[in-house]
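Just below sit the structures, each encoded as structure tokens.
One chain, chain A, appears in both complexes that follow, with chain B as partner in the first and chain C in the second.
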Partner chain A sequence: MLEGQVTIASIHERPRAGLLDFLTALGGWTASLTVAGAIGWILFDVFAQGLSNLDWRFLIEPVQRSGRAGGIGPLIVSTGLILLVCLAASVPIGLLSAILLAEFSAQGNRFVAWVRRALDVLAGVPSIVFGLFGNALFCIYLGMGFSILSGGLTLACMVLPLFIRSAEEGFRSVPGEYRLAGFALGMSRARLLFRIQLPEAAPGLAVGLILSVGRALAETAALIFTSGYVTRMPSSLADSGRSLSVHIYDLAMNVPGGGPNAYKTALVLVVLLVFINFVTTWIAKHGLHKRILSL
Partner chain B sequence: MSDNVITDINGASSAPAENNACCHPQHAHIERARPSGPTKMAVESLSIHYGSVAAVRDITLQLPKGEITAIIGPSGSGKSSFLGALNRMVELAPRSRVTGRVAMDGNDIYAPGVNVTALRRRIGMIFQKPNPFPLSIRRNITLALAEQGVRRKADQERILETVLHDVGLWDETRDRLDKSALELSGGQQQRLCIARALALNPEVLLLDEPCSALDPISTEIIEELIVRLRDQLTLVIVTHNLGQACRLADTVALFWVQDGAGRLIEHGVCEQIFNQPCEDLTASYIRGRKG
Partner chain C sequence: MNTTWKDRLLLSALRLSAAISGVIIVLIAGLLVYESLPALRAVGLGFLTDSSWHPAAQAEEGAFNLLPMVAGTLALTLGAMLLAGPLGLLSAIFCQTYAPLWLAGLYRRVIELMAGVPSVVYGLWGLMVLAPIILKWQAPGVSLLAGILILALMVLPTMALLSDAALAKVPLEYKRGAMALGMSRARTLWCVSVPAARSGIITGFILATGRALGETMAVLMVTGNVVQYPSSLFDPIRALTSNIALEMAYAMNDHRSALFVSGLMLTLVVSILIGLAEFITKGRTHA
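Coming up: the complex of A and B.
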């Protein structure tokens, strides 16, 4: 009899709880599938349209007829150079800042809290603002003109907040015990940093690097004002050069009949991003593995 | 009563002490047990603050050379802070401030110009939780060695083998020296940490509850190791385990929180502290743990 009552009570309770669970699950799945679907759709579109009559000469030929014909050879070179300048400037500065932030934040430093807040604000600044800033500072004030150097440095300013914050997280994820152990053994900060903390933070740093590279490669607004959109093969960092994403934007918006080549360029850009992602992750993992076995 | 006791202890710290038989509660001569050997480290009126909070206040204590000193007392009585003051690790804590004097072989280790990294190689430290580096077993030992100037591979290998023998790890690890140290068991990791400290040939070894994260068998192995090390080193061990203090220590110091800071209540040879404590606090602490 008592059992029966319990069962009746639970029957009354169940449907509501079950409905709530169901709705929660439904909401979760819908949201995830929407996101995955959108990405899948974009990728499918890019691959389907880009792969049709794509051949390897597209990757090396110069741009012809404003991009309607020819290839994107010079643009790949320009993009690579802009990225190199960006990383050459942002990685050392970013790493040092992240180390300082991680090291001093452990001590509850007031200045560090302000730096961190400033970085968070900067990370949210629209890229076109960075473009105008870079144009004013690098192109005009420092006299670099429209050049790959100006563009790369502007991108560096733009990705630094992102890179510093994720690199800082990487360093903070290294257990503090290693630091204590190192100091207790009379190790110098430098050795502790290079032999233990840096390798241990490597996966986190790789994530920061991938995010930064992704953002830099995707950037158009900041580059139009700084590296310009000349499609020639650059002969030095002082030359203007068009990046792949600027090219996509130009073909899609300004060049009638540029659609097919815009898709092909987008495909190249996506593959490049995936490739960089893969290589960076592999290096971080491989480096870690090797370090454990070294000596 | 307890306030009086504190004054007595402080007053007595400069008084001459001729014996350990101070077991009279009213007696002002509560000077610590006189070290049987020469003093390796001498602590005088040591206070440690974190910001405005005092962790320990006015500790005066001698660590006899080649002996094991156990520091006991309830949590929060400043035992670990005290230990950290002995190799200046406490300075890594935010807003820490150390006053008083800590001398090793008569030299003030807080004097300006003291090379802190060199000091920490002479005074090793073992932590509560084993903390080997995420490197190979071999590299755990040789990393700090290289920095100390031992760069020849043959020398490193010799020291590696010696210290692993010392901690009884050699037979267990000789075939996998290049495997990650994180694959070892907790007890093995702690022994590796001790080996790592021994490789630098320290004069003093500070152990901060070295067995509290270990199982009884590992604990026993580490305890045997500590006893063996007594011949080569001066050891200080913080422990919550009174049995362990009793088994290992030559002298025992009891810390207690009074007026919001850790104080040294009593310091004496092991038998006296456990069998005839001078202080009521010591007696009740020991008794409490026994019962």
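Coming up: the complex of A and C.
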């Protein structure tokens, strides 16, 4: 791809530049500068506001006066626990599903085609609908109430399509010769999978895992009515626990004077996500031949 | 192939997991319909004909007109896509054609980063920075316009990245052919590359529209949440998604069920859009 681009660029040095050329170039530059400027402004604002008077104790202190004072210690624990529940549920199921989709899907297999379509639709379901679903299924019908468990399981349903897609890419990037060589050596399918293909697909799995963590960390709407609002330190998975994203929303909208701490929390969240973004890109670049877009 | 009992066990485990993954969407759809039924029975056409949105736990005591919020959601989505569509396409064109290689790579990274910024952070910025700026111009600041601007930024990465990928897949021969015919760079782009990549570009547009329809938090934070038909860009409005997030906390019985009805509507529309995108991607390769 890189070579192709260089060639095109050099090919295009030549032509007569008319009005259309000028307008298109102008449009492209203007659009890109506008977009980059807007996101730059947002990030600058979060960093500038979040860094003012930021104290490391903010990360460990309990929430005081509805968040106007104190820190976000218990919320970091709650967010971590929600993530753990989410991954503990989504990774095993997602991994096995991805193996089926990548390795065992003969052309025209109706079951596989059906699962794939179901996952495509699942990936597009609005997050607030996941909130409704999680509230009805986990909180009420399964009797878990507003709890870290409900929130984590709701998020697991939400990140599953994303994880499966990346993991599938990982398995597809394993060269087909490995499978043939494995069979030629008389390996069983299971042995081939766990000894050869799984380790080879590891970078794809890592990308999927990190993308899922990023999506789960960023999510708010699905958590408000599943893991709830409580700001105390959770003592078990059955406790309600507020995530960082919900905290930002609550401080900005419902707590007069909550702005400064909303920005500090946003800073913590954005730094985590930017870090995750870089790790993902690094792994994808160094471990995967194919590019995985974080869509 | 040697099939042992281990292999058979493995295959069963794989099938079971895939079935669980596939069944979640069915569960969601089923639960949405089931929870919507009481309101659909009790209110029925009232969702379209009632005088206003004043929900109550008992259907007879409330009014359940969803149309102002449907209008709010549509106005937001339309406005956001009018901005994000051209901006996203131009961004992709910039990356593919006009930017130096290093800048194109950097800009792609910026857009991927945008896709990862949480919606509450967009909302926070919209509420703290954008809305006050609009307020200086026209009260009350939190408005349809603020929602459109934030939403456009949020769905732009979907549009830009998918268009970029589609343009990158246009065969080099097409561009060489166009060049051999003496077409300029922009003519090649608009008359050859963009038409050849149109299925990918349209798919990007449709998926971005789906995201705009379903976005909740940022919209909730910047649009003011007044239930009314928007008559100007500066009016505060309430979107369907915001309505669910705002009222779910205290909604009971028929009111709660009515919120599931709006969730069901959203899911249906988004699913249709995704089906459409899949149809376009599969139906057409390069023209």
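The working rule: the second predicted complex is superposed on the first by the 231 of 295 C-alpha atoms of A that agree within 3 Å, B and C clash if a C-alpha of one lies under 4 Å from a C-alpha of the other, contacts with A are read in each partner's own complex, and residues count from 1 in each chain.
Just so it is clear, contacts are C-beta pairs under 8 Å (C-beta built on N, C-alpha and C of every residue); 3 or more make two chains touch, one makes a residue touch a chain.
In this text, all values refer to a predicted model and were calculated from it rather than measured experimentally.
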{"item": "Partner with the higher number of touched chain A residues, chain C or chain B", "value": "C"}
{"item": "First, second, both or neither for A:I210, with chain B first and chain C second", "value": "neither"}
{"item": "First, second, both or neither for A:C86, with chain B first and chain C second", "value": "neither"}
{"item": "Touching partner for A:V112 - first (chain B), second (chain C), both, neither", "value": "second"}
{"item": "Partner chain(s) touched by A:F183 [first = chain B, second = chain C, both, neither]", "value": "both"}
{"item": "First, second, both or neither for A:G27, with chain B first and chain C second", "value": "second"}
{"item": "Which superposed partner A:E200 touches (first chain B, second chain C, both, neither)", "value": "first"}
{"item": "Touching partner for A:A167 - first (chain B), second (chain C), both, neither", "value": "neither"}
{"item": "Common interface residues of chain A - those touching chain B in one complex and chain C in the other", "value": "183, 186, 188, 191, 293-295"}
{"item": "Residues of chain A defined as touching chain C within the complex", "value": "1-2, 4-9, 11-12, 14-18, 20-21, 23-25, 27-32, 34-36, 38-39, 41-43, 45-46, 49, 92-97, 99-101, 104, 111-112, 114-115, 117-133, 135-137, 157, 160, 164, 183, 186, 188-191, 193, 214, 217-221, 224-225, 245, 248-249, 252-253, 259, 262-263, 266, 269-270, 273-274, 276-277, 281, 293-295"}
{"item": "Touching residues on chain B, where the partner in the complex is chain A", "value": "87, 89, 92, 94-95, 116-121, 124-125, 127, 129, 131-136, 138-139, 142-144, 147-148, 178, 180, 193, 196-197, 200"}
{"item": "Interface residues, chain C side, partner chain A - complex", "value": "1-4, 6-7, 9-11, 13-28, 31-32, 35, 86-87, 90-91, 93-99, 101, 104, 107, 109-125, 127-129, 153, 156-158, 160-162, 165, 168, 172, 175-176, 179, 182-190, 207, 210-211, 213-217, 220-221, 241, 244-245, 248-249, 259-260, 263, 266-267, 270-271, 273-275, 278"}
{"item": "Chain B-facing residues of chain A, complex", "value": "106-108, 175, 177-178, 180-188, 191, 195-196, 200, 291-295"}
